[in-house]
Every structure is written in structure tokens, then in C-alpha cells.
Amino acid sequence: QCTNDVWNKVMKRGKVVVGVKADYKPWGYRSTSGELIGMEIDMAKDVAAAMNVDLELVPVQSSNRMQFLEQGKIDMMIATMSDRVDRRKIVGITQPNYYTSGTNIMSPKALGLSSWEDLRGKPVCGKQGAFYNKIVADRYGAKIIAFTGNAEAKQALRDKKCIAWVYDDSSIMSDLSSGEFDDFEMPLASEDDNPWGLAVPLAEKDCIFGHFMSGITYNMHQSGRLIELEQKHGIQSTNYLVIQKYRNKDWLEGK
Amino acid sequence: MSENEMNSEQPIVSLKDVHKSFGDLEVLKGISFDVKKGEVICIIGPSGSGKSTLIRCINALNDINSGSIKVHGREVHDPKLDKLELRKKVGMVFQQFNLFPHKTALENVMMAPVLVLKQNKEEVRKRAEDLIRKVRLQGKEDSYPGELSGGQQQRVAIARSLAMNPDVMLFDEVTSALDPETVKEVLVTIKELAQEGMTCILVTHEMGFAKEVADHIYFTDNGVIVEHGPPSTFFTESSDPRTREFLSQIL
Amino acid sequence: MSENEMNSEQPIVSLKDVHKSFGDLEVLKGISFDVKKGEVICIIGPSGSGKSTLIRCINALNDINSGSIKVHGREVHDPKLDKLELRKKVGMVFQQFNLFPHKTALENVMMAPVLVLKQNKEEVRKRAEDLIRKVRLQGKEDSYPGELSGGQQQRVAIARSLAMNPDVMLFDEVTSALDPETVKEVLVTIKELAQEGMTCILVTHEMGFAKEVADHIYFTDNGVIVEHGPPSTFFTESSDPRTREFLSQIL
Amino acid sequence: MLGSFSQFFLDLYESNPKWNFIYFYDPKQADRVLEGLWTTLELSVVCVIFSVVIGVAGAWLQTLPNRLVRMVVQGYIQFFRNTPPLIQLMFFYFALGQFTPTYSPDGWLEIPIISNVGWAIISLSFFAGAFNVEIFRAGIEAIPESTKEASESLGFSRLQTYRYIVLPLAFRVSLPALNNNLVNLVKTTTQALVIAVPELLYQMVSIYNDYSTSMNACMLLLFVVYIVLVGILVFGMQRWERAMNIPGYGS
Amino acid sequence: MKIFSTPIPGLGPGKTNTDFPVLLPFKGHASGQTGDLRFSRWMVSASPMVMMIIAVLALLIPSVAAAQSKFNLADAFEVLWRWLPFIVGSGFVMNLLISFFTMAIGTAAGVLLGLGQISLIAPLRKFCWFVTQLFRNSPWLVLLFIVMLTFPFEIEIGETIISIPDWMKAVFGLSLPIMANIAEIVRGAVQSVPTGQWEASESLAFSRRQTLWQIILPQCFKRMIPPWMNWYAILTMATPLVSLLGVEEIVTLSRQAMEAEDNHPELLIPFYGFALVIFFAYCYPIARWTLRLEERYSVKL
């Protein structure tokens, strides 16, 4: 019973509207002139090119991205969204996932934290809209203080208003390597591999749009495009993309 | 007899057993009197005795509970009556002047004829200027009410009412918000009006003035007319003790 | 002579060549008069002639530019003078009553003796109740000023001043904010006071009252005393043209 | 009974995933709602008290002769009146929050003596306080000079006049504006969300971030709770205003 | 420049003294690099008021805080300077745009609602009263959340689809409380006209409509201007609220700029401090003007 409304609309007007982040360096952020840039923006460009339509980027936030897609304000999104069961009830997250991140904390070396259990009952800074806030709170009993932005969260950590900042491990890693957080460390084993998914409207998940996106993601894995982009944007490389590339390898290749 | 027919002997204003309450408070308890064309009557009485209420009922600013008020033979409190028609015939001047502060003296006078009667603006201006002269305010046409003294404002208010060419004028204690020295200016204006034959109903505390100008004086207390008569006898021969007490206080 | 010494012949209030300006405007241009114990004097004159200013200077509510005002032989405008001491001796009643709206009539009367004179509260209450009776307001003790008529408020104001047991009372046009019928209540109260021997200085427009109650009448205009005399001669024999014109307008 | 209540909303969610009233069947979320509600109430009450104190103190400081003090107070008022409270909150917490002294219960974690709730209280109290200063000042200025003169002429000292006459009256005059401002303050507490104060809005946003299906239900609850909360507040304030009403004044 | 004398990244003591920063190639925004003089040039070009505020802020900041990391406050101000055109040009302008549209819509709707409250038709009057109270008493942020998240992003009128941008939805959300408050201003102003004016015009045979438009409203018009302007200022100061819903105004863009600059916590003071300053610079003159008008009109009538 596919109506393919959105797909047809996109094709008819020759333009796809993609929701991306503008506050998540290096995935999606602004250049000084106000342009949106980043890894996911490059992915969106590939998508538009593959569909042979123009591209319009709409910045979304963690807290409103699903509403935007639901309401049709955007046609699809590539917006650092973790693939969760309850989210699949609202938007159409297509397979395969295009990235995965682990959750970790940045905490002062002086504290010498060694296990997630150390967070129990302690204040931990986070960002509003991040789903693992709930996991860290539920599983380890941390008291989450969620701010609207990462600068605020890190400032709160530095002001010693919390003992740790919980976020994506790759992001924390690049902060640590910047040399400005020399007194801090990422002491724990990353929790939860959180696969990231791109999403189309729920009704079109198993229709042309959804299948098309699945295909594109598959191709990006297979061709190594994602690894290429990862390197281009200076993201700490993770095993996930390598494994995916290997798994999706054409088994006849080289034979 | 057709209600519309005019008869020179028929009263212009005629009240019959008028009753009026505010909630539980009965303010008018059966008031009757007639006013003939060209007559000047004064209503006096203690504060709160219902004088203002009475005069406002004639103008349909208040409605009444029972009885009848007729102006030109037409029932004022008939729900079918066109109130605007009535108010074109009855002019009213208030204690607090109530000029429109955002309009000049001349504009105050011109507004109603132009907007309500839809008369030609230039003709109205000529008539308004005559009226301003009549109340002796030539030169003040373009002043705003805020720039005029109390007495001057009250005279503009009178001119404003006259501009509608009313058949009857109602005056409610028009001098009591004025300082003693400006009262006189206003009284002179009203006296001239009365002498020119305008039918006037006045509420006033100025006994000397009432004596001089009124054809008939009514004394109200507690919602009824206690005593009335021509001024020649009213002040000297009043029989009612309340009237006598009141007069002794005022005079 | 010691300044403190009391002498029955010495005037209670004595003004000598008092000058007072507001900025460039000279309001008082040399006023002198004496008031003896038990005397009642009235000050009349056109609006803006400086009557209120004069009376306020006696109470040190305004200061003066030159000249001298003595109460009980003490210079009022001596900077070293304890104003509170002065004000315990001089009571003042204003045109606008100026009751304290958040206190009942009785509390208004009691406040000053309790707070300023630190007198015993129960004794003050008894005296205050007497005063309330004296101004004929029994039953209104617990009413708030907003619930009293103008005349009643003014009588509370008089009682409030009397509660301080002053030697002199100043009245500034105490009836001019009242409607004609309630004026009398207040005048009766003042008349009784005067008859009981209270020294009174009154500013008033009520000629009839002035005639009846005053020992001496002063007419001020333009900052000077133009004419004065006992009421018997003042109204009939005044020689000054300004006084005559003023009287003709008022009377 | 309670089980079937929860079951109803669970079923509703199953059949209608957009209406996930999670706080009605998940005790954890219910706790968050209650905690948020409690924080909102706490924040409101404390801020109201502090802002009134700031208002009184500021109004008093503004009456001081020292020009510098008055300028500082003016600067404070102008800064808080003319910048967005949202940014004030962020600036206070992140910029000034860096310099607050801390205490350390466990070596590293240095708990600032001012928590985010503390900063919200400070920031919001100063924000509302700036308006309160103006409100109280206007109230004090609204007391007629003549009322102060009356108490002066009764011998009240300056302080007594302030304590017994000016302040009680000024407070009543200020009350409507004050109440308005306090209601506004309670509404502004929602903005403390930006510095992660766990008040109601923060909790609701957190819940629907964690359970994206519960957004509509969260918005609905938020709206209803605030309407009820503010409704109760407005009602209480109006009752208070009426209780503070001086009989005979105002409506 | 004494205040910001912490070491400049990339210009360690090992380098020769002739290495004037001004001679260095003009670099984009590689973090950790900074042109010291650019900052001082900006300081010189700034207005005295900005200078003063900056100076006050700078004094507030103990050097320990700045020395804590390599990225110091001077760098942070330099970053702000670089982003200024974007933040003001796209951000603050959006705040103003939202405030203009909201005020226009809110005023038009508010006047109708206010007049509805003095209507002679009882149900209409009660309805208008209810609507006014409802929107006057709910927190702006809550109204905004509801409108932003539950209203459609586009409306279909026949064939054409009109898409409503985010900020336009914010305008609707903010218009609700503005409408309710303007309605109160209108009702209050009309009711503050003495009843004598109604009676006088009634007794001159004016119709109700004539009385309202010719006599009453012209008199309250001036009285409504100061509170109206006051609400405009309040509204302008409420526009940053829409940042919580992702509308790209000054706070959102500041946050994005900070993200692009690696979220150095030092950025918070200059960025949020600047937002305070620019709002103050815009709203304070309005407040002064409002006060002047209020004084003028209160004397006149």
C-alpha cells in the first residue's frame, strides 16, 4: 500500500530537503560564512546527486528532528540519530546503519574513575536530547544535568559542577587530542555501540524512498566512501566502517 | 389623538408617576410634572434625592421601572423608540462638562451636527461660530478644552448642546464644579437662553439664580416632589418642614 | 524677657514683615499681624493671593525668606527650633482633609498622641472617643475615611488635630471641598471650638461664617494685607476698591 | 483501581503511539514530573520572596541622597529590564558561575556553593527585583505630598511618617503591579531550563527526549499544569488584593 | 593589552621578536592560532560603550581562569569578532524580524480581542475575556513549545501549498501572549476614559460605533502607545526563547558558532555577553523613549 507521496513530491519538484545538524562538529556545523558543512552534509550531497535532484539543507536539533520529519518539513534526515526501537515507531530508519558510536565520559584524571559504577549518585553533565542520558541514568544511577549545548556542558565540567561529561566517544577523543583538556581523560570502556541511522518518513520506509536510501547506504559502505569522508573530516576512525566495508564486499571481486 | 400631532398647549415634557430603582434602592418614587414650551423649571433638593437620576431619565440615559415620560407626546421608555431621535430633540449639559478633550472648542460644537445629523460641514461651521459668539467665547474657537477655564469649558458644553437645535435643554448642576468667581459667567449664558424662549429643566443649588430665572420650582426629597410653586411664593410660603429646613441651610 | 515666659497679654502667634518667594514669584510681601490667646481671626482674599502659603508658614510646613513668625514667643523659622515641639502646639486642618485612608476614624485620631506623644494607648482611646463625640460622629469610630462623607471626614480631621491638645488651630479653607449641605456641619464644629476659647486662624470663603465667628478679619491680595478690621465694620465700611470688588462677587 | 488506570494509558499508547501518557503508568517518569513540579514551586516561592526583598531595598536605596548609589541602582534596573532573561540566566551561570567559591566533599568534585538552582534563583530574583524596585518607587511617589504634610503637621517624625503612613499606603498602591510582576516571574521560571534546573519544563522535555512518543502528552500536561498553577496564583493574589483593600477606596 | 598578556599560541618564547603577528599570513580559523593585533584593532574600532562593557567583563575574569588552558579569553573574543557578521546579520536580524511580525499580528488580533471584551454581546465578551486570560497566564515558553511542535509546517489552500518556515511558527507562538496583553491594554485604555465621555456623546445622539471610534479611541490612542512600546521591548527580549526550538536566531547561531569553534568553554563569556550587549543596545533606547512618551502623555490628558 505504498503511496510514495514524499518520493513523488521530491521528484516532482526536483529538490530533496534533508535535515542535518548544525551543532555537531564535524558531522554538521557552520562555516564562518554561515554555510553548513561536515560529514553528514557531504553524505546528503551524495544522496541528492544519486537522486539527481537539487539539495536543500535544513538544520535540525536533537529535540525536534523527528517532528520535522513527521510533519514533512524535511523529506529525510541524516542527523546523527541513533537507531532506537522507540524511534522506529515514529520515523522510518533505513538499514544498514551508516556509522556507530559508543558512549563514553570525559572526566578529570584527578578523579581516577575506573568503572561506570563510579558514576552512581554523582552529577554527570550531558546534552539535552541525547538518548544515552537515559541509559546512563537508568543503568548506573548517575544524576544527569542536561544542557542545551556542548560548550555549556563542557564548561560545567570544567567548573566542577559535575564529575564527568557523557557523550560520543569519538567526539571526546578529538577533544582530548586538541590539547586543551590535558587534565582530563576518557577512562571507561565505551558503552553500547550505537548505530546511527538515516531516516525517511515512516510510511515510506518499505517503499521506494526507503529502499533507495538503503541502497545508497549500502553502496557507500561498499565503495569505501564513508571511510573516505571520515578521513576527510578528521574523525577518529572506528572499526565499524572497516568491518562494514569488508562485510559488504563483493565476494566475486578479485576472483 | 395622534401622538405626533403638535399642540401648543400640550406639554413638551410630561412625567407621570415615574418610578426608578437601582437594585434595592428606590431612587424615584412616583414623580409627575409637566413642562410647557418655553417654560423654565428648576429642581432643587438635598444630595442623593434623585435629581440627577430624574433628569437622566428624561434623556433615556437611565431607564425607568414604571410610569411614563413623554417628550413631544412620545413615550421615552418605549423600547421601540429611536433613542437617537429623542436625543436630537433633548440637549443635556453635565456637571463635569464632559467636553471631548482631543477636539478644539469649535470641533466640539461641530461634531454632533456633522456626524449625527449629517449636515453640511461649512454650514455647521458657520452656525457653530455663531454659537461660540453667543456664549461669548469668540477667539477661543481653536483652543482645546484643557486650555480653557472651567467656566469657559462649561459654556462650550452649552454651545455644543445647542448646536443640535434641541427643543428642551437639561442642565444638571452645571455650576457646582466651578469656583465661585466663574459661576456667574455660566449663569448669565443660561439666563439669556431662558429669556430667548428655550425650554429648560435645571437642577441647581443656586437659589438666587433659581429665583430669578425659573417659572416653577420643584423641591424633591427622598424620591418624591415634596413641594412646588412659582418662585414668588416658593421661598417664602413653603409649608413643608423639610423644604424649610433645606432652605434655611442653603440661604 | 525670657522667650519661654508666658504672658496673657503676649500674642500666641505673631508675624512681623514676613516675606516668602517661590523661585522668582514673591507670594508674601511683608505680612504682619498678631493673634492673642482665644482670638479667632479669618483671612480672606482671592485665589492665589497667598493665604495657604501664609498659614503653612506658621506651621513651618513652608519656610520663609525674611521676617519673623513667633509662636509662644519662639521664632518658628529658627533652624535650631524643634519642629516637633512646635507642631504639638499648632494643629492644622487642610482643605483636602488628608485623613490616613488605611486607618479607621478612631485610629486616625489616636495615632499622633500614641506615636508622637507616647501617651498610654487606653487613655488616648478614651480621649479620642470623647473627641469623636464632640465632633458628633459617635458610631463612626470604626469607619474608614473612604466610607465617610466629606463633611464627616473633615470633622474627623478636626478631631485628629485636637487630640494633640494644640494651643492654636489653623484651618485652610476647610469647607471648600465640601458640598453646600455638609459645609454647615463642619462650620458648627468650628464655631463650638471658637466659643470654647480655642485660638483659631481660619482661611475661608464663607463670608457669613466669618462675620459670625471672627474677632478680626484680614483681606489679603497679591501678598499683602490690603484691609482688616472687626467683622462689624469690615463688610460695610471697607475703603479699598479691591476688597469691595471681591466682596461684591462673593456676596 | 490504580492498575486499571495505568492499564488504560498503556492501552492508549499501544493503539495510539502518539499519545503516550508515560507518566501515568511509569512510576519513574511520574517521579520526574513530581520532582519538576516541586522544583518549579520551590523556585517560584524563593524567587518571589527574594525579588520582593530586592525591590524594597532598591526602592529605599533610590531615596538616598548619594548620587552614586542611585546611579548603581539605576544601572542595575536598566540592565535587567533591557536584556533577555534567558541570556541573563546563561550568562550568570556560565560566565559568573566560574568564579563562585566551591567546597569539596570528595577531593575533585568541588560543589560550587551556588548550584544551578542557586544561580536561577539569583538571576530570576534580580530580574524580577529590577521591576519591583520601580513598582515600589512608583507606589511611594503615588502617596500625595499632602498626606505626608498632614502627618508632619501632627508632629510625626520623618521615619514615623514613612513607617506608619507612606509604606502601608504605597504597598497597597503597588500591589496590583507587584502581583502582575510576580505572576510573570513564576512564568519566567520555565526559562531556567537552559541552565539545566530540573523544573517542570526541563523534566517534560527530558521525558519526551527519552521517550519520543510521549511528546504530545508532555505538552498537554505542561499546559494544563501551568494554567492551573498560574490560575491559583492569580486567584490568590486577587483575594489578597481584595483583603488589602481599604474600605471605601477602589472597586 | 596588558590584561590579556597570557602566552599567545603559536608565538612561544622560542620565536624571534621580529615575528610581528601582523606580518603573519591571514589564517582562516584554525583553532589555536590568533592574530593578536586583530583583536586590538577591533578594540579600537569598538564604540566607547562596548569598550567599557568589555573592560568590566575583562576585569571580572581573574587571570587564573584564562591561564587554565591554551585557548584564552583573548582568543575567544577574536573568535567572536570573526563570527560577528554571521551572528548579527543572520541571527539578531532574525530576532528583529520575529519581533516585528509578532507585534504586527499580535496588535491586530489584540485590538479585536480587546474591543470584543467591551462588546455588548455577552457571549462574545465572555469568550474574548477567556481567550485573553488563557494566553496572558500561560508561560511563553510553554506556548512556544506547543505551537512549534504541534502546528503544521505547511498549509494547503486548494492546490497551492504554503510552507510555513520555522520562524513564522515562532511568530504565531509569540503572537498569542502578545495578543492577550495588547487586548488588556486596549480594554484598560477604553475603560480609563471617564464614563462622562460616553454619556456626553450618547446624549448628543452619537451611535455606539461613532462614540467608540470618534470619541473614545482617539482619546486612548496616545495612552496606549507607551504600554504598547513596553510590550514590544518585552517581546524583543523574549525572542531568544525560540532558540530552544531551533529557530536560527542569535542564541542558536551563537551556539552553532561555538560548536564550529570546538566548543571552547571560554567562548561562552564573549558570545553570551555580546548577546546581552546587543539586546541592551536595542531595548534600552526604546525603554527611554517609552518613558518620555509616557511622561508627555500623562501631562496632556
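Lettered A, B, C, D and E in written order, each chain numbered from 1.
In this text, a residue touches a chain if its C-beta (ideal position, glycine included) is under 8 Å from a C-beta of that chain, and two chains touch if they have at least 3 such contacts.
Note that the structure is a prediction, hence the values are computed from the model and not measured.
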item	value
Any chain that touches chain C and chain A	D
Co-neighbours of chain B and chain A - touch as defined	E
Which of C-D and D-E has more C-beta pairs touching across its chains	D-E
Farthest chain relative to chain B (centres taken as mean CA coordinates)	A
Reference chain C; chain at largest CA-centroid distance	A
Mean-CA-position distance for chain E and chain B (Å)	56
Centre-of-Cα separation between chain C and chain B, whole angstrom	39
For chain D, residues contacting two or more additional chains	90, 94, 98, 193-194, 205, 215
For chain E, residues contacting two or more additional chains	149, 243-244, 265, 268
Where chain C touches two or more other chains, by residue	none
All chain pairs that touch each other	A-D, A-E, B-C, B-E, C-D, D-E
Contact footprint of chain D on chain A as seen in their complex	62-63, 66-67, 86-87, 89-90, 108, 110-111, 122-123, 128-131, 133-134, 144-148, 152, 155-156, 159-163
Residues of chain C touching chain D in the complex	59, 61, 84, 87-88, 90-92, 94, 96, 98-102, 111-112, 115-117, 143-148, 157, 160-161, 164
Contact set on chain D toward chain C in their complex	144, 146-147, 149-157, 160, 164-165, 168-169, 172, 246-249
For the chain D and chain A complex, residues of the former touching the latter	17, 90, 94, 97-98, 102, 107-112, 115-116, 193-196, 202, 205-206, 209-213, 215
Chain B residues touching chain C - in the complex, by the definition given at the top	46-47, 176, 179-181, 184, 205, 246, 249-250
